[in-house]
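There are structures below to look over.
One chain, chain A, links the two complexes that follow: it is found with chain B in the first and with chain C in the second.
Up next is the complex of A and B:
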């Protein structure tokens, strides 16, 4: 059996204790949620931390609470299985439940946590490989090489590894806020602002910080949402294109809020620009839906680093955006 | 991978496997799969991809399916682990195991323990699953032989076997007789 690199294992029971260990050990310490992303990467030698810090014994991270004043609060340790089966969540935010249920496979969803999905590492054909495989040619930028081998021409000095978490586009479409805790204190930011777009360092997590959870604001109730995922097989596989659409309809079908987020087609979730300007105050018709789908297609910048040709994945973003709008327009009628 | 200088020492742990407490000395970085197969000689749980992509290593942790190649053994302290070896009831096969035999759901057998474990978890949650529910339950488990249909049929048929109590004692290895070469009969 290919063993995991050797490390020390710690399982603190409070957030303060966890933050103290992280502060002391810095980048030598890696956080473990459900391990469904970190463990395969350690197996491939991508990470070899001295210490693995499991969050599973920290109580407060398992919260899943709804209140009409504060919205839906989800702790980083909540499993995807619990999210997809929670009756309140399914009723209030069906798009979120839908996105969760599209992650990986049932057994993985029993293990995987929300925090791990939000902090999912970016992926690439040249990165998610064994050490033996990588030893056969130059290393890519993300593991210490000079260039991003997946970039057009293979000569970019920026990493284009793809962001493939399914839950994140849905949460951003719902304007979720994320909270990060370190020994020095905590900060809260828009989930959309958490992602950098740099494949090599995909999120704003600083060494020592723990993502403790997200909040979906209470005023998001009543939003109609749709998450559509394109993947090679209808199970297990990561998205190679994903569309999360959130719309609010006012009187007589007029759109009062619109937000469209793409996944699997860039190094971060892409909040499509111009959608609110195009649609708010308007009713949905063919021409406007087509215009929105064109904006989405333009915003998608897939690279040759996962399954599916780039042009095809852009085409599927166009197609899925159209479908998502049509589905929600039908629901609103 | 260069080893860090301070290789962590082995740690004493107590794991609860198939209803029994097992006291072990393990490396903190050992996966549950490694401990089951190499320390406890429970080789029914299969090792295939080691990346979470195939489901062959599925066990139940506190009754829920989990991929033992992705779980650290250290993280399982205080939890109940069930492997394929723990399914027999009083010397008889579990009804689901019998159903796999009756329906011809086993060919090379490599996916079988994982398939049985996700099927068991489904039956515990929904005692009379539909074919569609069975299909969803095995959605993370790959089989390269059967085409899945017999596996779905086996899971759907298991409740009937449980009702009629028609699960049998497992045939011992020798019961099938000495191996004969199909070509020569020797």
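Up next is the complex of A and C:
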């Protein structure tokens, strides 16, 4: 086993205490959810925080509550295993349960938290390597180098590491809101707006901020959803193309709301533009589904930094979008 | 015998300690004063080492030794090509080559010390593509030598005449990639020098005696000054025969500090240093008559040895000619070239070169059968060699279960009915494929011998101890030996202990390679147990006053066959033996030297006492929109002669099936500028439970006359047919022939596209 670097471990019991520690220690302190992403990265030498702050003793981060007025509120500390087995969640938002159940493997889902999935670091062949490996040639942008080596031509000044959390596209398709807490106070934003698109700093977390949870609005009940994931093996592997589709059908099969989000094909989850305009007020037919799949394919910008060739992953976005639509069209009938 | 133990599916004798977590692997071993070692690897595929400065590392508190190539003995070690020092000197020839090593009081300090070693490299042009190795301007991997490691030219019969007599001639080129052994236990060694200067090495090895010989050579010291003990081994798959290098580094450090030193690879380090299978490009041309008779076979191979030679030349020889022996061929020709490149050394891997040719051959036979309107099972049957026959390369077959293997898997998969069903036309299309292969059980090669010796002791309580230098790497050798011994002596399995191989006390042996341990080691155990039994019955004859030939041993009791009251418990007899022979217990030694013949310079001979066969049929489903392949069914039959332990054989067969699935569909080494980019199990995707269908493993017992109780080797043969069976099933499903491994969704979709566009896939 590759050993961990040394660090101080703290386990505050209140959010205020946690926020105070984070404020004091700044970037030297890293938050630990289930550790299924952070710990392997620390072993690889990607992070060596002086302090690791675990959220597990904080009351309230383990909440999973449904109310008809406020929707579904999920604390950052809820494990993926709990999410995928929760009866209410499965009944109200089966797509979300589906997306959760596609993450990694059962043993990892027992440890992994929602907060960790939302704050998952981006991944890349040039980044997820040992120090020695990286030291052999120019460093990549994400670890202080000049260029993104995964970018086309290797000369981009923007990091293209891929964002590949499975749960996020489903939550964005369901218009989830995310809450961030710091010593100075708290803010809530659309989950879609939480992601920057910059592989080097993939999300809007400011130093000192803790993601405390998400809310899926109550009016999302009744939405039909489908999450489809493409990967090499049907377990453990990260998505190399993921599709979360949320549709609401009105009378006689007319689409009243449509949202399509892609995962694993860019440095952030991609909310595909033009889907609502294309479909709302229309019924699903082959031509419209094909058009939607083309929009999705265009919106996907996979890079050569993970398994699967780029063109193939774009094609899989097309394919899986089509399948998601066909699944929901069948359900709607 | 009433309750035979041979042939019974019993858990392995190491199972209990393993599932309790109490088995002691090398990484668990600790000694007083033990130091921890870490290795610094060269980052470049090809670079001159200009300068090394270890002074800061040496100065780090807790560091006890820092060594570089310059410190190591100048004597070169290697299998046939003596070309390596314990650490690289002058230049590094592949990314990951060991350049310096540290021994320190903790692993953390050792690692920190590595960071303090300064090395200046001058990068050299690297040879990464084997196809360029023989070009005049290619960089030289070994200065002053061209990049050809070995060339093999074999020709028998008249290949041109064979092609002229054929109704169908087919040729194709195959690309066979390299596979990581993926054993559970990465390499680990603990080495210790005692006050008299003797070196003791506990290591994860498939062969203690070959390990000792290699240590003696690399450390340039007498063989007898070294003792190698095998700790529990968590898998080897060929990678732990003779090519790994970390045990040498650990031992060298121990000799420098005169303290115990432990070196345990983590997974990344194991990937960087591990022995991978030999990749090759293989061009094959075969001729066949309308009835499916193979008239000629012509093959050209370009294989990649990586930076050093190791066992790769032997592996390539197997690729070049082994499969010829399973059929009644007359006209065969092979031209094989092995070249150096600036990539990690490649070598032995389960199947030992057989998988590469099995893929090409079975792909070929399937295509040709299709073209001739024949069933590929029939083609194999028509050409199959029979017991009593001698193959084109001089191999003599005492037993051949090939036809039974074919029968079993054909029935097991439901071949006839499924072949007749209409082809799927939807998105998901199913297909059937099969393949068959052969392997050796034993191999008379190293020093023209292949024998095995066993020392068997029966204590005064009637329990037996086996000392053998053959080794269990998890495959079940100890269980096999214990079963044969218990069966012959009429005692419970739990009364037999197989001692860990130890070069100081075990008889000399080659170890676990070439599927030789059951047939040769098992035979030696059988003979030793027979001798011990004779001594026991002689003693009992004196004790009971019955003639020895009237006595038998049954469940720990010696009894007369004729006089019902003449019985004596085994402990009583064994004690009696000790007292009547001046204190000499029952202690016997037996050697089995198989009646084999080493290959001559022309590669003709009869190298193994037995040859084993396997056949596999699979059903796949291809998603024609994503290109993903799912295995629906697999049926794999292994002709192991006689299953000493059916449970162990099934385990081997199923494991082989999975490893073949990995090679065919999932595992794929990725390199970036010659450096391994996916040396971890998240990115080097071995098959998971989810990738594996219900596996049917069936056993064919062809009863090998040379084998102990009819047994031959099992397990290596079983890895051979998987990949081609899958490729054949894919073609059956979607009409796309994949000739380049691994079979990725991208290749499937490209093939479908080419087919749609009317081109050739």
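We take it that the second predicted complex is superposed on the first by the 332 of 333 C-alpha atoms of A that agree within 3 Å, B and C clash if a C-alpha of one lies under 4 Å from a C-alpha of the other, contacts with A are read in each partner's own complex, and residues count from 1 in each chain.
Here, contacts are C-beta pairs under 8 Å (C-beta built on N, C-alpha and C of every residue); 3 or more make two chains touch, one makes a residue touch a chain.
Since this is a predicted model, take the numbers as computed values, not measurements.
Look at A:249: by the touch rule set out above, it reaches neither chain B nor chain C.
Shared-chain residue A:160: touches no atom of chain B or chain C.
After overlaying the two complexes on the shared chain, residue contacts for A:227 are found with neither chain B nor chain C. In the superposed pair of complexes, A:132 makes contact with chain C only, with no contact to chain B.
In the superposition on chain A, A:1 makes contact with both chain B and chain C.
In the superposition on chain A, A:235 makes contact with both chain B and chain C.
By the touch criterion defined above, A:35 reaches chain B but does not reach chain C. In the superposed pair of complexes, A:66 makes contact with neither chain B nor chain C.
According to the touch criterion, the shared surface of chain A, contacted by chain B in one complex and chain C in the other, consists of residues 1-3, 40, 105, 234-236.
Across the complex, chain A meets chain B through its residues 1-9, 11, 32, 34-36, 39-40, 43-45, 48, 50, 52, 54, 56, 81, 104-108, 110-111, 131, 234-236. Within the complex formed with chain A, the chain C residues making contact are 41, 43-44, 95, 107-108, 111, 266-268, 625-627, 666, 670, 672-673, 675, 677-678, 682-683, 685, 687-691, 745-746, 749. Across the interface of their complex, chain A is touched by residues 1, 3-4, 6-8, 11, 27-31, 33-34, 37-38, 47, 50-53, 55, 58, 64-67, 69-72, 74-75, 118, 136-137, 139-141 of chain B. Those residues of chain A lying in contact with chain C across their complex are 1-3, 40, 105, 125-126, 128-130, 132-133, 135-137, 230, 232-237, 307-309, 312, 315-316, 319.
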